[in-house]
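Please find the structures below.
Below are two complexes that have subunit A in common, paired first with subunit B and then with subunit C.
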Partner chain A sequence: MTAIVEVTDLTKRYGSLAAVDDASFVVREHAITGLLGRNGAGKTTLMQLITGQELATSGEIRLFGQHPLENAAVLSRTCFIKESQTYPDGFKGEHVLKVASWVFPHWDEQLARELVDEFRVPLDRRMKKLSRGQASAIGVVVGIASRAELTIFDEPYAGLDAVARQAFYDRLLADYAEHPRTIVMSTHLIDEVADLLEHVLVIDEGRLIIDAPAEELRGSATTIAGKHADVEAFSRGRDVLDADSLGAFASVTVAGLTPAERAAAAAAGLEVGPVSLQQLVIGRTRGTARQEVAS
Partner chain B sequence: MTVVALPTAPPAPPIGRRLWNAVRLHVANPWPTLILPWFIFAAIFGLNLAIWQIISIAAGGTQNLDADAFDYNGGVTWVLFFLVAMAVQAMSLTFRFALGLGMTRRDYYVGTVAYLAGLAAMYAVGIAVLAQVERATDGWGLGGRFFAPWFLADLPAWQLWYLNAAVGLMLAMIGTVVATMWVRWKALGLYTFFGAFAVILVATGWSLTVSESWGSLGRYLTTHEPAAIVSWTLPVSLLCGLLGFAILRRATPRA
Partner chain C sequence: MDDERPIFLQVAELIENQIVDGSMPEGAQVPSINELAAFHRINPATALKGVNRLVDAGLVHKQRGIGMFVSPGARARLLGQRREAFAEQYLRPLLAEAAKLSIGPAELAEMVRQEAGSAAGPAGVVGTAPHV
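Then we have the complex of A and B:
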């Protein structure tokens, strides 16, 4: 595999707060990687570090094998779309697209126009006057039409309605299939993107707590539900990621069950179900900091 | 960690193209910097023309006015402060946008300074050309002096251009330093800038007084060509330009 992004022992401190705490991972070429985590977990800081916008306190970052900071060779192949992007005073959507067409070597103007139609973004209105969703849509159009070899989306959908978000996922996936590239998507709408992701990174309080292929994660945990006592008996001694109870009933999320164990649970009258990526991430970032699943 | 292959180093786009992108980023929307200022010029000039008309009608004709009645005017100086505003916006809002597009700070800065210098040069050309028209028409038929007022009235056109361009460039570079300090250190940067600015002013006045040099400064200013005096702005511009880059080089586009 080829590592488009390679991060080693990366730390970023703001005073005493470690926004990114000793993170090491790689982002593989031609894959869609999800960067998941709660608000304030350090996702945006991490992406700003990768794109040379923030300066690391310590550690190493390589983009296409090179240091990203002030490196035109690698930054020109990178497109970073973030929700909080500001635009020059008086800029309209058409100006944003014009500039994007200059700076991205693989820009596809026709695709950009199609996407503008699909998202119904007004190009002749000032960016400042656009609704949050419309401004987000401009970012999404730039991100897809840039066809940058490394495209990073940081919560790109803020204010987009469900229809537009689905259109974004569909168009991104379709274009990605035709023009393979490396995509990193930071999001907290995990269920929506779960099927897109090939690899998952989960960051919590600055620390990378999950770094695993999405496929592996999907099978890595199981929910067991049933009568309180039965559930408790079954889960005793196991790695419980999350537990819930309602009256006489309880459900737990258990890590690393073999098919035989699942069958045994079912035979004991318990309800056995798969765990969504979202549930898994919630279980792992809700105050607990376990390290063992799928590592 | 698994052993990974590293991709081959990609070539950077040519430097000329990168700098040109940084320049034209500022004119992607030409309205606020290239078009609107001419309308503002027209409006300010129109108002001055109207006031001259009113005065000359009230006086019963320009022949009844002092010869230098309309010689003093500072109407064109607004464009110099407009250049400060352009520099400030370029270094704050546009900088963040440029970084978002994957430009390097260095390319952005060099392209932006080139663009600001170009703006100063362009507006100085406009002022010099209009000053020639002003002279040819005997002050728009009213003896008015708007584009080349006061001690500039008889300055050769190239000197007038040089003076406006050089002063405009210096103000733009000072604006650049203020704005980069804001981007890098926020309010603390501004306090530092204006504090340092006040200290420099007072220190200059102090040393001129202590060394009893006010007289020689006055003599220098009155006995030298405006073009020679204005050349002192060039090292200031250069210094500010370098300082701005030193500050922006490690600035981050935080909201």
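Then we have the complex of A and C:
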């Protein structure tokens, strides 16, 4: 396994607030890694640190094995597409693409033109005059057509409608399959990208709380529903992420059940169901203490 | 893709279903990893894992530089496996539910006969297996 990004004991403080709090992880080569978490959890700060746009308070970052700060050798291999990117005054879409073609050594001009057509982006208008969705689409075009060895998308879809987002995921996946590269995608539209991810990082209040293969997280939590007393009896002493009840009926989300425990719940007459990655992340980052079934 | 089971297993099963129902006969070319990834909107590594499962089981083989193909005898082997799994996947849940309703084996057998008689469509129609 080659690590494209290596982060060790990384902390970034703004005054008393630790935006990133002692995080350690690696981003594997040629994988699509999801960086998930709530707004303000520290995702953007983390990506800015990785790409040398912020100074760490403490800890180590290696990008392609090197320190990223003002290091053109590694930053030229990296494409960082962020939400609400600002551009110089008077810049039009065509200027953005022109600059991108100079900056990124693997830039594919033909692909860029195809994507511009598909996303219906006007290139002859000033970036400041574009709608949010149109400006986001330009970012997405650059992110895909740059074919950078490391491409980081920080919630790149502001203002993109569902059709355009699906086109983005499909185009990214197809081009990634043909030209494998390392992709980090920060998003809170988790359900939309869950099946694209190979690895998942979840950050909550600056701390890395999940670092696992996506496949491992699938099925790592279970919903158990049924009669209140039965559900309560089953979930007692277990890792309950969420609980809800309606009259005599109750439902809980439980982490870490073995197949045998699931079978036992089903045999006891309880409904056993899957939990999506999005539900799992919500359960893990809700911020409230683990709940008991209300009795 | 459902949320419960690993995606690579579901990819493998979808191809197995097509081998069993004859829509992907022996010798037929299996979609490429990238085609599978694009169609199912999944990570190519996941699609590869699913196909490798079929390769390891000898149901599909790779021809270098050309693609992947359904192996000779794949359908017969899958049918054999499914027959073996039939009791566990279908009969046991059926019997468990029947027991809850106080339907004994004899009555159940009669119900099966009647249902088969009333549903006397073309013989040998292969249904899609429900998830267990």
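The rule is short, and it goes like this: the second predicted complex is superposed on the first by the 287 of 295 C-alpha atoms of A that agree within 3 Å, B and C clash if a C-alpha of one lies under 4 Å from a C-alpha of the other, contacts with A are read in each partner's own complex, and residues count from 1 in each chain.
Everything that follows uses one rule, which is that contacts are C-beta pairs under 8 Å (C-beta built on N, C-alpha and C of every residue); 3 or more make two chains touch, one makes a residue touch a chain.
The structure displayed is predicted, hence computed values, not measured ones.
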| task | After lining both complexes up on subunit A, report clash or fit for subunit B versus subunit C. | result | fit
| message | Touch test for A:Pro274: subunit B only (first), subunit C only (second), both, or neither? | response | second
| Residues of subunit A touched, compared between subunit B and subunit C (which is higher) | B
| request: Mind working out whether A:Val26 is in touch with subunit B, subunit C, both or neither, as first, second, both or neither? | output: first
| message | Contacts for A:Asp170 in the overlay, against subunit B (first) and subunit C (second): which applies, first, second, both or neither? | response | second
| task | Working from the superposed arrangement, determine the closest approach of subunit B to subunit C, counting only CA atoms, in whole Å. | result | 19
| said: Taking the stated contact definition, name every residue in subunit A that is touched by subunit B in one complex and by subunit C in the other, in rising order. | reply: none
| Which subunit B residues qualify as touching subunit A in the complex? | 1-2, 4-13, 15, 18, 21, 24-26, 28-29, 31-32, 89, 93-94, 96-97, 99-107, 249-250, 252-253, 255
| If you look only at subunit A, which of its residues touch subunit C in the complex? | 31-32, 169-170, 173-174, 176-178, 180, 195-198, 214-215, 218-219, 273-276
| message | Please output the residues of subunit A touching subunit B within their complex, sorted ascending. | response | 1-4, 6, 24, 26, 29, 48, 51-55, 62, 64-66, 70-82, 84-92, 95, 98-100, 102-105, 148
| remark: Given the complex, residues on subunit C that touch subunit A span 1-8, 33-34, 37-38, 40-46
